[in-house]
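Quick heads-up: structures coming right below.
Shared between the two complexes below is chain A, which pairs with chain B and chain C, respectively.
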Partner chain A sequence: MDIFIQQILNGLSIASVITLIAIGVTLIFGLTGIINFAHGEFLMIGGIVTWLAVSAGLGFPIAVVLAILAVGLMGYILERGLFRFTLERPTNGFIVSLGLIVVLQHVVVLFWNPNQKSIPRPLTTVWEVGGVRIASVRVMVILITIAVVALSFRMITASRYGRALRASVEDRDTAALMGIPVRRYITGVFVLGSALAGLGGALLIALFPITPFTGGTMVMKGFAVALIGGLGNIYGAVAAGLILGIVEGFSAGYGFSQWTDAYSFVLMILVLIVRPHGLFGGTSGPRMAS
Partner chain B sequence: MKTVLKLAASAALCLGAFAHPAFAEDNIVKIGVVAAESGSFVSAGHTLPAGVGLAVKQINDAGGFKVGGKTYKLEMVKRDDRTDIATAIAATQELVRDVKVQAIFGSETHDFTLAMAKITQPAKIIHFAGNSTLAKILNPDSVKPGGEDHYLFQSEPQEFQRSGSTARGVLSLLEPLLGFKPKKSVMIVGNDATGQFLSSYYYKALKAEGQDVPDIIFYPPDTTDFSPFLTRAKSLNPDIIHFWYNGDSTLTALPQALELGAAKSYFLFGVDPGIWKEKQLSADVPVAMSCVPVCWGESSNPKAKAYFDAYFAAGAPHGVTSSVSLLYHDYVHFLVEAWQKADSFDPDKTVEALLNLHHQGVVSDDLTFNPTHQVTHATEVCAAAPGGAISCAMQQPPAEAPKS
Partner chain C sequence: MKTGNALRSLLPVLVILALIAAVPLFSPSNRFLSLAISAGTNVIALYGLSVLFGQTGILSMGHAALVGVGAYAAAILARDFGVGFWTALPVAALASAVFAMIVGIPSLRVGGHHFVIMTFAFGQLLAIVLTNGGDYTGAATGLDIAGPVTLFGADMSDLTRYYLMVVAFVTAAAVASWAIIHSSYGRTLRAIRENEKLAASLGINVGRHKIGAFVVSGVFAGISGVLLAYFLGHISPSQFSSFPSIYLALMVMIGGARLIEGPLAGGILVAFLPEVLNLDPVQSRIVYGVCLIAVIMLLPDGLIGGIVRALRVAFSGKPKQEAERDAAPSEARQ
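Let's look at the complex of A and B:
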């Protein structure tokens, strides 16, 4: 029984990291139509900034703030300098993001070599309850994810900014005619999503070592969760993240462990066939930008 | 995979018509390196150009080498395969056809090397790969003169030898640290071609040492969260969890294993004690490490310290498996010695010389190739006691593969 409970906790931990990535993906992809496959590299940059800050002797909380600010700023520069020119042609944006993956990876390799980077665990306590081991650092990540989800959800559903954003997703031209600065809102969402990737990277390196190539797998799962949950749907991203986390945890624990990743993507394919807007409904993604 | 090999074979046919080993008109001999300097296999990949580059520097700094009365120097031409087989094939084509290298080193990945050999061998390019999986294609027929792999050499021991010496070393070093004889082992292995190949031999080696191995748990490459795999292993109550390949994944998994208390001890394949010390890693249980072939950071091999001092002084990054560089460094010197002995760059004469030489390298004072172009040497295994003291020992390979 303790092994079973441990696997549930493992699944929750996996879900929290995936969900954090998926929220950034679902906001950017779902609400602006920008298909940024380099989102995983944004996450990696967040981890690298955290590593640099901690290596320089700064505390982990300060490093997290720096990672959020640095990746948010990078998002702003890239949106204004690159992606805004592709808004009318999402496919171009997609290709740009693929190129950006290689560029960002190699910039990091050039300056900080390709080897693994890690930081000392910010929290080292491990609680043992009836044979189940709970690492405090994982609990920290789960709690931060819950807070980020709650804030993002409130911002999208209840704030003036969120209402204007949703209006521009429904009908960009009408929203613009009503005085909503659509382009500025798109920049804002891109920066927010990027900042969340920075936070994700900081939390990721608190859990695991990272390399300049860590982003690839993470972003694929982020897109899978965003699509399963429904693009632009934060509640959907959370639910889909939980489903995938539990599926991954249990398949590794009890099934054919080598197929763990495959389960996630089979699930995504099935959902996209049966419910093209995701399990919980969402936007149509890039179509709204055309 | 078959399609890729067919593509490589077609390319080789085209190349064969006009690609001949480069002759050094300006007394520079070019040797190529194809390695993963980016992508998921980078931790092993970046050691190849670093090891070959160091050997090239050593040879050139010593004044070069003489063949046919002329003095030559070496030039390394390296290409990043980005851990992508199509890129590795394209890079090999370029090195053979355009750069006209005399020899190629790499790659570290099983299926990449097979595809590369389809290009290097018809072009009669001497090809070294530190890749035990070459045993699948190196046999008396394939390496004979005129055979399809006559110019291909495996610079890593056969896998039954490496697995056998590793399993024996791990068990013998962990037993005194555990205070009892370990009986039950679980393996956690990366699920790719190399992982599957290596683990099949290591499983047999553990069984031959009397271990009960109730499960081999495969994880998808690029896994970062190992907790469900480790929890599964923990449910089997093992004395040792063996992380077999690759080093980056292993160092990601170990802290998670220690948090979960998954086993009484661990073995990390392809992790140098040097990185253990540099990252200030520690564990409350014994942890064994094996190097490929001798260890950086703590070694019983007297030449190792001088080698790694020179290796890092030349600018190589402190990687998790820096010792892999020795599967290439020694063979640049070996190749140059063969050219000198043959007094020719002719590939057939070079092969003959390679098969008849006893080379004094860092890894061993007596490196030789067997008739199927494979080397034999010991493997070094180390163990860190709880508290940090590390001890290492060279483990000689078994004479024969286990029967079962």
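Let's look at the complex of A and C:
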């Protein structure tokens, strides 16, 4: 039982990071139809920025804020400079993101070598509750994620900006006709998604060491979660993130750790075959004016 | 008239390949030959990818996995059954084709945007399975393959001879891909690429042809895998995971997927650019990435497509549409 709770906790803390990616992936896809594979690299860069800031002697909270700002800015620049021009042909956007993966990874390798990077744990306390050892840093990651996800939900469901955003996801052209500045929302979603990835990266490096190639596996899990939940469906992404995190936590705890990475892929393939629009239903991307 | 035109599109490739085959006359360095051989094995796989992406319009992010199936099939056949190169070739091609079908049937059913991600996931899964396969697949260290390759009694392991053999295979791949492009089958695939619904309404079984194209790309990949395995003498899972697949997609797009010269140009460029510019691997990857983005944003038909169009406009002032039609000559004349 002790191991059980501990594994759930471990699983949930990883699931938090994955969910943060998945929300960005799902929002960007829902609005633009662009499959942004480079999202994992955004996460990795968030981690690197955190590592640089902490190495420079800044505190972890400041480093997190810097990571969010830096990656958010990067998302803004890339959307304005590249993805803006691929809105009519989302496949090109996808290919551009492949190019970005290669560029971003190796730019990081070029400047800061390909080795593992880690920071001292921002919280070192380990609570012992009835024989269960709970690392406070994991609890912190989970709580921050819950707070951020709840905030995003609130923004998307309750504010008028959120309503406009959902309308744009539903039908871009009609939303534009209703006077919603869809282009600006697309930029906004890119920035928001990137900022979440930056946060995810900062949280990830608080848990594990990262390398410039961490993004590849993480983005696949983010995509798996986004697809399982149904692309464009934020609720689905959060629910699927929980499922995946718990499955991974269990498998790591009960002796199948070398297969951990395979679960997300198998789960995703199965879900797509049985329910192509995900477990919770999603959009199949924006309706093109083709 | 029609065949004459079609043949003319093959001619430049054959001339280039003949020139490439003549390179050993100038006693090139071993480094050059090794680079050329690995470029050649890539080009064979790229011709398969060009049938899939260029003609049918489906992008696979798991092409390296298909190459890997071929390579592992060759290695396992040689180890467990003492099977040599020439027997392994068709068996491995078949294995890759079957794997492509297994991946293709569920992946293409979900269709559209998801297909790319499905192939990527299958590619990653294969790498994980190979890594966890224990002694059978040699786990993370991979497998050795040490068999002499002989042709009519002559040992082909010598670098120059292997080079010539790879050039021959590249030529065969180019001709095969050309034959597909100019057959009615190729026309069917292009019809699917241009408008899936219209193709279906004309009685084309879209699903089956898409899977068929994926299987065809698997055959190319399997052969490329065997050549690669025998050339390197050692294979490991990381060579066939998703990132090599990304590089294959990148090569075919830099070269241009629709034209017969594209895969050849892409494979050679990506292999030799770092040598020419004297870049280390990290820098050259950055250059590839930037090239890919630039090509996609500025020259959607790939480098060769862009050059061809520029030449046409420069020499005859033909409009853009004409150049595109000539890229697939038989289409307009049917």
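We take it that the second predicted complex is superposed on the first by the 282 of 290 C-alpha atoms of A that agree within 3 Å, B and C clash if a C-alpha of one lies under 4 Å from a C-alpha of the other, contacts with A are read in each partner's own complex, and residues count from 1 in each chain.
Just so we're on the same page, a residue touches a chain if its C-beta (ideal position, glycine included) is under 8 Å from a C-beta of that chain, and two chains touch if they have at least 3 such contacts.
Keep in mind it's a predicted model, so treat the numbers as computed, not measured.
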Clash or fit (per the criteria above) of chain B with chain C on chain A: clash
First (chain B), second (chain C), both or neither touched by A:Leu98: second
Partner chain(s) touched by A:Val17 [first = chain B, second = chain C, both, neither]: first
First (chain B), second (chain C), both or neither touched by A:Thr214: first
First, second, both or neither for A:Gln258, with chain B first and chain C second: both
First (chain B), second (chain C), both or neither touched by A:His106: both
Chain B versus chain C as contact partner of A:Asn115, first or second or both or neither: first
Touched partner set for A:Ile3, first chain B, second chain C, both or neither: first
Selected from 7-15, 25-33, 97-105 or 259-267: the stretch of chain C that, after superposition, runs into chain B: 25-33
Shared chain A surface residues [contacts with chain B and with chain C]: 105-106, 109, 216, 258-259, 261-262
For the chain B and chain A complex, residues of the former touching the latter: 37-40, 42-43, 46, 191, 217-220, 222-225, 227-229, 231-232, 234-235, 248, 251-252, 255-256, 259-261, 279, 317-320
Complex contact set, residues of chain A against chain B: 3, 6-7, 10-11, 13-14, 17, 105-106, 109, 113-116, 118, 121, 126, 133, 135, 204, 207-209, 211-214, 216-218, 248-254, 257-262
Chain A to chain C touching residues, read off their complex: 29, 33, 35, 82, 85-86, 90-92, 94-96, 98-103, 105-107, 109-110, 216, 220, 223-224, 227, 231, 258-259, 261-262, 265-266, 268-269, 272-273, 276, 284-285
In the complex, chain C residues that touch chain A: 59, 106, 109-114, 116-118, 120-122, 124-125, 128-129, 131-132, 242-243, 246-247, 249-250, 253, 282-283, 285-286, 288-293, 296-297, 300
